[in-house]
Amino acid sequence: MGFEIDYLALAPELVIVVTMIVVLALDLTLRRDNKYWTATTAVAGTALALIPLGILAINGEVVSMFDGSYVVDEFALVLKGLFLVSGYIVFLMSHHYIESDRYYQGEYYFLLLASILGSLVMASSRDLIVLFIGLELVTGPLFLLAGWRKGDAKSNEASMKYFILGVLSTAILLYGMSLIFGLTGEVQFTAIAEATADMSTEPALIVAILFMIVGFGFKISAVPFHFWAPDTYEGAPTPITAYLSVNSKAAGFVAMLIVMYMALPGASDIWAPALWLLAALSMTIGNLSALRQTNIVRLLAYSSIAQAGFMLVPFAAAAVSGADLEQAFGATLIYLVIYAVMNLGAFAVVIAGARKTGTGEIAGWAGLAKVDSIMGVLTAVFFFSLAGIPPLAGWFAKFEMFRSVMIADPATIALAVIAAINAVIAFYYYAKVIKAVWLDDPTGEFTDEAEAEPAGSLKLALAVAVALTIAIGIYPSIAAFVRDAAQVLATGG
Amino acid sequence: MSVTDWISEPVNWAFLAIGLAVLFCGFRVVTAKNVVHAALYLVGALAGTAGLFLLLSAEFVAWVLVLVYIGAVIVLFLFGIMITRAPTGLDEGLDGDRKLWPAMLSIALFVVMAWTSIEAFGSNEVVTTGSPTSTDLLGESLLGRFVIPFEVVSFVLLAALIGGITIARRDLTPAEEEERASV
Amino acid sequence: MNWINHLAILAAEEGGHVEITAGDGGFWGDTAWIMLVTPFIAFLAILAVGKRLKHHGGEIAVAALAINLVWATALFVLNMTEGVLDTTNTIEIANIGSGIVFELGWMLDGLSIMMYFLVNFVGLLVFIYALGYMHGDVRVHWFFAAFSLFAGAMLVLVGAPNLIQLIIGWEGVGLASYFLIGFYWEDIANVKAGNKAFMTNKVADVGLILGAILVGISIGHFDFRHLNEAAVAQDPALAAVAVAGGALLFFGAMGKSAQFPLHIWLPDAMAGPTPVSALMHAATMVTAGVFLMARMFPLYQNFLEDSVRPWMVAIGAITLFAIGLLALVADDIKKVLAYSTVSQLGYMMTAVAAGGYTAGLFHLFTHAFFKALLFLGAGSVIHAVHSNNMSDMGGLRKFMPKTFWTFVIGSAALAGIFPLSGFWSKDEILATLNYEGYVLVMWIAIAGAFVTAFYMTRTVALTFFGTYKGHGHPHESPRIMTAPLIGLAIPSVLFGLVNIPGVEIPGVSNFTTWLGVSVVGLGDHHAESIDITLAIIGSVAAILGLVAGWMIWGKDRDTQQERDWFRLPGLYPLLRRKYYVDDVADGLVGVTMGPMAQFVNWTNTYVFDGIVNAVGGATKWLGGVVYNGLDQRGVDGVFNGLSAAADSAGSSLRKMQTGKVQQYASGFVAGVLILVVLFVFVI
Amino acid sequence: MIVNQFLILAAALFSLGVYGLLIRRNIVLILLSVELMLNAVNINLIAFESMLNTPQAIGQVFSIFVITVAAAEVGIGLAIVLMIFRNRRSANVDDLDLMRY
Amino acid sequence: MEWFETWGLTVTVFLPVLGALLLGFIKKDNEDALKRTALAITVLAFIASTVVVANFDFGGGTYNTYQFEVNETWIGAINANYHVGIDGISLPLLVLSTFVMVLAVIYSWNHWEEPKNPKAFLILMLILATGMNGTFVALDLVLFFIFFEIVLLPMYFMIGIWGDKSLRQVPGFSKPFETRLYASIKFFLFTLFGSAFMLLGFLALYFESGNLGDERTFDITQLTELGASGAFAGWSVAGWVFAAMFLGFAVKVPMFPLHTWLPDAHTAAPTVGSVLLAAILLKLGSYGFIRISLPILPEEAQVWAPWIAILAVIGIIYGSLACLAQTDMKRLIAFSSVGHMGFVMLGIATLTDIGINAAVIGMVAHGLITGLLFFLAGSMSHRYHTREMARLGGNIKLMPVIGGILAFTAMASLGLPGLAGFWGEFMSLVAAYNPLEGLSLGVFRTGMVLGAIGTVLTAGYMLWMLQRVNLGEPNPEWEGHDFHDADKFELTAWVPLIILIVVIGFYPKVIFDTTTDAVTSMVDMVFGGDSTTASISTTVKGG
């Protein structure tokens, strides 16, 4: 039996693949002092990959390949766009960072590209196997990249912890998948959906679903599967941390979204409550732990755990079907997109700030705004946005999150209330950073302008992020297009 | 089906034998006081698994398992063990000092998993056609419907390879950099 | 519609007789608003340019009142000659919905015209007097500014066609009073006196405001016209709130008119310059309460016959007698006059409360002149001897004859000596009380008359007779000060004659008619002829007081203290402490307010802020627990409290520690299990 | 043969793997335990496959992927082990020694 | 003017923020340019608002019809629109906002708190202006929410950066905080807490509006239609929704016992900050009640009204008593706001046209008067470098002009008839005497009496403040200092306020002509029926 392959549909992936190979080739040929070309190539490649993506988006018909196990529809495109853009920004952030510190550049970009490729594949996957492989390709390289600062014991530990828990979660995930397969005899989502339509009381199915949730829960670092996150975030090179907290988290969410909504819509009465629980736990524990952080990266780590909790909230509402299902969907997606933008921005600020202050300790940032008001404004923008203060993008994310659960259902409304209280708690530690930067008087010495000046690429990254953050905040319809993707998913699932 | 007619099937004797062996090996893997022994017990467990696969008429997979694991992975392991100078003799320090909770956790886990699968699959028969799954069928679906994961997984391996090397290799000192560059 | 005619008709039914014609005052009436405006213009003008003028703005103030007096007199005369004027002009200042409208404007009827005349006439003289009295004092411009402000506010008050404007004027005069009492604010004591006055009145104003709301809202109108119509027509809506409303309004009146026990502010108010005391705390402002009662007279007349009015009478009676006694023991001449003022206000209030509309207002009218006269006289004395205390005076009649004679006239008038004005008005009150059946109160009033004469004799004797005991060389005050004295002495003598019962001054009838309430419909009694017996009794009481006083204080001694030997047996300590009312009041405020305030502040800091901070702190603490206890120690911490033994410190790979990773992992697995158990077995 | 006998065996292996992962201190041994778990998954897949006999032998294909990925994981894991080892050594041994090695 | 008819409000609202952008391009050290630009912008905004007034049709019309209306799609996906418009209720507040903003800029001309940074300060002020103006014209819940929240950021920075640097021992914490830090975060967390729940309330309304047939909407006008028609009457959770919104607004007002952020924030904030806080920010809350809570959930409003009234009255008494215990002048003024806003809320709670009228004029008056008081307090502490009343005294001797204005303002603040402050207090008492038919007369009339007593306390602490600050002999420690009296910038900022206070005091028509129609029609539309008739009948019963 032959399968015709639509290469245009696969174009983005292919472009990335080509880029990877080129990067490798360059890395072998180039001398150390102009290895930065690999970076340029990577950046260019990701940018290039956006072109076919655009074309696909424009003529936008749904391409389904291999018995519908690999589908390129609006949803997939939106997410691929998200992965590519955020990847692009991460490259921009990495450029100077990697170059300055005698890291292995070529391999770095190669692995990062591989991870991105994985996320692209996963976005299109409509089949457990493809999904699984995609996820592995996303995380595999990251295990290594987390330890990229080879000389640093922290970095080693970061990668080790990440790895061990990673494989554990993979094993559990796989066990769940195997059960699904056993119950349905299928790995293709729509088929699974049909098979499991009236199975929701089946213990095995429950176990399978929960095991898979655990697998994904690890990727999105939801409590209680979050333990790796803070240490790893702190140890890994900052751009990788950014990537972890945005792309790989997003990857986890995408996996969760498509599996839950497409493969197991019938069992929503199992996973919705489960995710309700995870959401509540993640928000609360994430926020509470963040209150005590003195290191800005660790703080962001816990914040990203809490944010994951917020993103999980809409899932809990999925138990009720119909328009609200799609709504809940859109909410998570929009939150993902906005979160990606502002969190990347925040990490870019962290890189630039650390360069200037020479420390990741919040106390060390005291009075930064007095010497560099631009930095101050950027910090304020991104952290207030994370806190969800209008008119910055974050508010709309939270707004959508609330909106998705304020359906007349006590359980979800209770979750909304928990979320509301958490939103207030969260503000406190975001404000802690802003307080240090704006309100406190300088304590430490700041390194002199010349070398501390953020690199052009970083500036570009910051510019992109801040522009998006404010634009979305003021005119959220920009982000609202994501909802159409949600429709595709909710209905076509 | 009752225990008696289950026991009456000879193939189940084979299963029992292999299964128990696998279990024993598995148990030793996690308890052995000697790293190398542990690795070797894993070999045993895998070999047993391969046997079970044969019972289940999955020849190809069985051989893949043997080749990949026993042929490659274990060797890798032994290398790792040796390079990292892990003690080859007895060693008390391999395990954490607290075993109680892990034990209870895993037992509970086992109970849950076993119970659910019994609930789910009761006494479904395993269809043993005797004729092993044809390799070309596997080939077709691998290069057909599953070509994408097939391609992608190669990247997983490639990434692991390159990344692994980079991570594991010894960094050159600046001096060596110089000389490397001058050549 | 014209409520007085309405009343007249009503009266006619009741067999009343006098039909009064109503005019509108023509040009003077249409432009009467000028009176309400000029003082404010003067106020601003003085603030603006006062400092640079010769008299520091005094001339502006005087000019303003002079203009006003023209109108006031014109209207007064019109009112006498062409029958009672009766018009109201208003402009709307707010329509607040529910059909309720606030208006400002000016009213022309007997009562208001009488007050216009009073305020402007007395006011003008006092202003002129002040030109001399304040000469060379500090902040003179501010004095005249505030004084003009007062005049304006007072005119706004008396001209008020409705309760809202009345309240505005009411508080306005209170404000001016506050400014002028605390005029010498460098001395905190004066400031406190000002505060006391303001606060006492503010307390009373609660009554005024609530009363106004009750009666106003009940019929949906705040203007007196509708209110009084409603009262006469026995409007049920009004009837429903009459008792409460009436009582509350009276409470308000008690404050301004210094009725016992809210009189405490008035004596302290003497801290202000003497002209202030003369005009505000004697002649005009303090009568506002009586004025209000008169304005709302129909309400009390028609609804509160035997519910509120007896109480009002009682309070008035207490005030007129008990406070009068206080004048006996005061050494400060102004305090004496102050207590006497309170006592006289008691007379007025009693009269009005008893139903003696005319009587009360007539006494208000006459009292204004002679009390102003007395104060100015006292001021003149003080100006001469630079002391308020009679113990520094004595024998002044030789030094300052004009002051002396005018002061004597004033005292006699106050004491109610025939035929001075005080006699007639007091007699009228007695008659009313008698007629209305408050016989006991009548006797109290008579006793009050005795007391009045008694302490006024004391004052005159101690001040003007005997030999001078003070320092320096007292001298007669300049003409600019004596002229007003004379100007006031004349009406003090004559104006009693305008209301001799049964006597109609040809062509202009008499005071009762001018007030426009000859209508018996109001239930106001107006004796047809002099009640000889009462007149005699009253006079006798006065004479007795006079004689007794002279016998006690007439003789000169070495020191004023020795002259002032008489101690009212038994009462004296009580009187010195002013019946402890002030002490009680201060005590109450001190005991309640301070601690309450402190308590509230304490709760705010330690309870509410406390809670807030506690929540904040608790959250942070919880963060610590979650982070250190749960998140960092790993789940073992939760499971069995075993702390993280393993850390990533080991240096040899053999023992390569996996850090907390295994706790993490066990947390991981535990999470799985809990979820599974929860969903498989529980749910 | 019924499918459950295999499933239970797999469950047992999986649990053993978890146990090992939780108690072992040596990363290499932890890796071994993980292999055990993955192996259990494989048994599941194959057992199901031969229960269901899917037209495309999905189960077996899946298990092949799992094996491959497992191999990759091992590679990554060991690489990390080496890196850490090297750091720990070089932390307390002088450069000469490092050179010689 | 056709163009302006549609976009006038938008201009008024967004001019300031554009100005803020503009300032961003001006050099930090070029102070004059910064100040001039800021002034120009605010003046333009003010002019724009006055043009709105000029073209405003005072004919009124029925409630829920707005002028200068713009309704453009904004977030189509959730049917949230850029819907702005203005009516008699919001007009005075909008003008107040733009007007005070101008004065604030003028005042700060030569009053910069440390650390001196005119650029940042002015930018924040302009952003603040946009937030405040926007809140008053927003006719879409989401839009309202955004503007409502926007004001937080600038205020947070104003307090935090330029606020009071003195250390403060906070109960419940061992180590003392810098007042500014404590106050700023407290202010923010409080408001955020409130508005988070407010948002939940909005969302609940949104969904319910969908269940009622037509599509889900955030549009205030449509929701009002529904609410007035009693559509939400049978709604089981309506009470909770009202409660949620109550939380949001009550924190902002602030109502007892949610007021504790206010004294700290007002005291810690820089002068201009306190002025804007008092003059306008507090009004956002009470405005929210009038514009959103009452019309949309009338039934719930009637259930809650007595409780609101009780809290309001407690606030009046409580605030006044607290004032009597203050030693810090600015803190005293801050607490006085609690009392005054108590009157505003009492008026609102009566649910009558008079009451709401009282609330509106009360807001305006409080804005003018307390704003002025904070200006004065700022200028004085600027000169004395202390706000401790114990150390002040005889101020009017040292600085006659400032002292005089202080006395005047204090009088206005204690509700002296003939000055702006009187009408709000008096009318809310009037309204409390006859609340909407069906509301507990007992509660409201008790409230009326207590409120009246509250006016006495108000007078008490105001006079006491004057006595300690203004009168008596100056404290010896100021011997030799020559204090310059009010300079021209201060006077330019203050005199307009003084004039307005007097004008409104004697001729409140200027406010009522705009509000009464709107308010009356609102009460008729929402609470059914004209309350005069109601009042009289109840009176008869009540008497």
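Should a chain be cited, it is by its letter among A, B, C, D and E, assigned in written order, with residues numbered from 1 in that chain.
Throughout what follows, a contact is a pair of C-beta atoms (placed from the backbone, for glycine too) under 8 Å apart; a residue touches a chain by one contact, two chains touch by 3 or more.
Quick caveat, the model's predicted, so the values are computed rather than measured.
Undergrad: Count the smallest number of chain-to-chain hops linking subunit A with subunit D, moving only between touching chains.
TA: The least step count works out to 1.
Undergrad: Under the document's definition of touching, what chains do subunit B and subunit D have as common neighbours?
TA: Common neighbours, subunit B/subunit D: A, C.
Undergrad: Tell me which of A-B and C-E has more C-beta pairs in contact.
TA: Here the pair linked by more C-beta pairs in contact is C-E.
Undergrad: Determine the chain that sits nearest the middle of the structure, using the mean of its CA atoms as its centre.
TA: E
Undergrad: Name the chain whose C-alpha centroid is farthest from the C-alpha centroid of subunit C.
TA: Between subunit C and the rest, the longest centre separation is with B.
Undergrad: Subunit C to subunit E: how many Å between their CA centres?
TA: 34
Undergrad: Determine the centre-to-centre distance between subunit A and subunit C, using the mean Cα coordinates as centres, and give it in whole Å.
TA: Between these chains, centre-to-centre, one finds 75 Å.
Undergrad: Based only on mean CA positions, could you tell me how far subunit B sits from subunit C in angstrom?
TA: About 101 Å separates the centre of subunit B from that of subunit C.
Undergrad: So what's the Cα centroid distance for subunit A and subunit E, whole Å?
TA: So the centroids are 42 Å from each other.
Undergrad: Touching at least two other chains at once: which residues of subunit C meet that condition?
TA: Subunit C, residues with two or more chain partners: 646, 653-655, 658, 662, 665-666, 669-670, 672, 676, 680.
Undergrad: In subunit E, which residues are in touch with two or more of the other chains?
TA: Those would be 189.
Undergrad: Spell out, as numbers or ranges, the residues of subunit B touching 2 or more other chains.
TA: Each of 84-86, 93, 96, 98, 101-102, 105-106, 109, 112-113, 116-117, 121, 140, 144-146, 149, 153, 156, 159-160, 163-164, 167 in subunit B touches at least two other chains.
Undergrad: Taking all chains into account, which pairs touch?
TA: A-B, A-C, A-D, A-E, B-C, B-D, C-D, C-E
Undergrad: Mind listing the subunit C positions that touch subunit A in their complex?
TA: 619-620, 622-624, 626-628, 630-631, 634-635, 648, 658-661, 663-665, 667-672, 675-676, 678-680, 683
Undergrad: Would you tell me which residues of subunit D are touching subunit B in their complex?
TA: 1-9, 11-20, 22-26, 28-29, 31-33, 35-36, 39, 42-43, 46-47, 49-51, 53, 56-58, 60-61, 63-65, 67-76, 78-83, 85-86, 95, 98, 101
Undergrad: Touching residues of subunit D toward subunit A in the complex: what are they?
TA: 3, 7, 14, 17-18, 21, 27, 30-31, 34, 37-38, 40-41, 44-45, 47-48, 51-52, 54, 58-59, 61-62, 65-66, 69, 72-73, 76-77, 79-80, 83-84, 87, 91
Undergrad: Please output the residues of subunit A touching subunit B within their complex, sorted ascending.
TA: Counting only subunit A, the residues touching subunit B are 1-3, 17, 20, 24, 31-32, 65-67, 69-70, 104, 107, 110-111, 114, 117-118, 121, 129-130, 132-134, 136-137, 140-141, 144-145, 147-148, 150-151, 159, 175, 179, 182-183, 202-207.
Undergrad: Which part of subunit C faces subunit E closely enough to touch in the complex?
TA: 92-100, 102, 104, 164, 167-168, 170-172, 175, 178, 182, 185-188, 191-192, 194-195, 198-199, 202-203, 205-206, 209-210, 213-214, 216-220, 236-237, 239-241, 244, 593-594, 596-601, 604-606, 608-610, 612-614, 616-617
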